[in-house]
């Protein structure tokens, strides 16, 4: 893997063209591993000698390009991109002896193994389907012989029948009318009542979490319900002109203040 | 084979040697669902073949064998030698699909064994008819297990080795659970309400029950 | 024929001479479309017969003929010679086209068996859709195997006798290229480095499977 460290980012014109052709066909891939396998073919080497660093670059370039073209990429493509970016940095930086976990080379070797194994299974599948097949290349007896002297009835059932029968019984009782479990639900009406009584004291910016009713913050189910109701009630009060609301950035605390 | 027929080769021209023709007729007779006439054979064989002669050779080859090349009207077929008809009894068997009640009962026994009749009825939600259990016993797919140590000491039912053989299972413990059935697409996709189907206890129970039977 | 086997007759006592046994096995194999196990043959033949030996003779007799005696797992069947497929357009059955995902999944099950759903997904890099396994189960080319002794005891998939029959394989060991794949380590279930997933037991298990079948 060491030789990769000195590799320049030399993506040839033909490779770039190939990568663009790939993007148009993004729906044709069965996930990131499939795409990586296709990309690795542009290196025209034995899969065991594939340069994972180069592959990571190609993949990241692909994802960038797809983003620029505003193509929808499924989440797992982005997860793979993040992982490859991490892998790329590991491969490029000298190993940090204090760092825990597998080295970049180990990770790269595993990825190469996965690609080789997937390719091997595809080849195996192709060879399997190329075999002579029953009913196409060779044939079973056309007529089973019927001798009518002895008649006996047997009963047949397949494993599928059996399993489906069982599933049928066991799922029959799953259906009951939908009933809300009221005990752990804090309604918006309750929250509104509570907030109306409290906002008189909220002259300064105060976090919304402090408005949660007591006794609702231990059980996660109850906390979720109370948070949602309090938030909805706050919005309602903002709409009515009684409250102001702010949040500095995503996931930052939400703050409330009485409107003068 | 072909050296037997060499003297004919000049007239056959492109046709395969007679040994090959015999093989071809043999394969066709074997695979067709209906007896086949010489004319039909001629139409299916490569150009220039002589199925009538191939049939003469083939017929001779099967003389005294377990099956014979037999004339049926003006057509030909491979048939069991008449003295071996007694071996064919199994071929005359009529197969019928097991009834839904029987399949469900069988499934419950397989998944919950050892299980009493009352337990089967509780799971199915209807009473189990005598005929259903008798049928399964007769098929030798279930048998009586040991009695339960509960009041009345009811008999239990368990599945048999025949059952495992018939359904291609190595043991009843390998039967897939509901989650696995769903994952394999064998269950209509209905969302289990309230998260999970309460199957865990069952699973433990049946694992217990079955391990008793199969561990030893 | 029977004079060939006369020297055995004193030990066989009531059993028919081997030539007769061979005829009987021939008749039974010809009569059915499904492969028949040696055990089934034994059950159907008169007491004291040795179907395994009769099969050896019968197989030799049909070498190079239009139909051949074929081994399918632990069962036997008569099938037409595959070089004569071109004569059989009439018998050809159109099989449903399998998707690429289904074909790959089938190959993975065949080469890695017994294999869990998670392992299939790991190899393919995508989740296995319900329809895929469903389709393979319905074709009866795969079935549920033994559960893995790993946490969660997941069910496994293995290929069936129908699969072997369809692809003309004597056993799963005869899968094309199996030895080479195994030698190259490509049938191993190698956990990712760093071991996010506790897979060690899996490893042991899978070593028991397809890869270990060939240790001898």
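To keep things simple, chains are lettered A, B and C as they appear, and every chain counts its residues starting from 1.
FYI, contacts are C-beta pairs under 8 Å (C-beta built on N, C-alpha and C of every residue); 3 or more make two chains touch, one makes a residue touch a chain.
Given the structure is predicted, the values throughout are model-derived calculations rather than measurements.
Central chain assignment: C. Criterion: smallest distance from chain C-alpha mean to the mean of all protein C-alpha atoms.
Note: the chain lying farthest from subunit C is A, by mean C-alpha position.
Distance between chain centres (mean CA atoms), subunit A to subunit B: 42 Å.
Separating the centre of subunit B from that of subunit C, both taken as means of CA atoms, is a distance of 15 Å.
Once the centre of each chain is set as its mean CA position, subunit A and subunit C turn out to be 37 Å apart. Touching two or more other chains at once are residues 139-142, 144-145, 158-160 of subunit A.
Of all residues in subunit B, those that touch two or more other chains are 27, 30-33, 80, 88, 91, 168-169, 175-176, 186.
Residues 30-34, 77-82, 84-85, 88, 91-93, 95, 100-101, 103-104, 106-108, 110-111, 123-126, 137-138, 140, 143-144, 165-169, 175-177, 181, 184-186, 190, 192-194 of subunit C touch subunit A in their complex. Listing the residues of subunit B that touch subunit C in their complex gives 22-28, 30-33, 44-45, 64-67, 78, 80-81, 84, 87-88, 90-91, 168-171, 173-177, 180, 183-186, 189.
Taken in their complex, subunit A has these residues touching subunit B: 139-172, 174-176, 178. Taken in their complex, subunit A has these residues touching subunit C: 30-34, 76, 101-103, 106-107, 109-110, 113-114, 116-118, 120-125, 127-129, 131-142, 144-145, 158-160.
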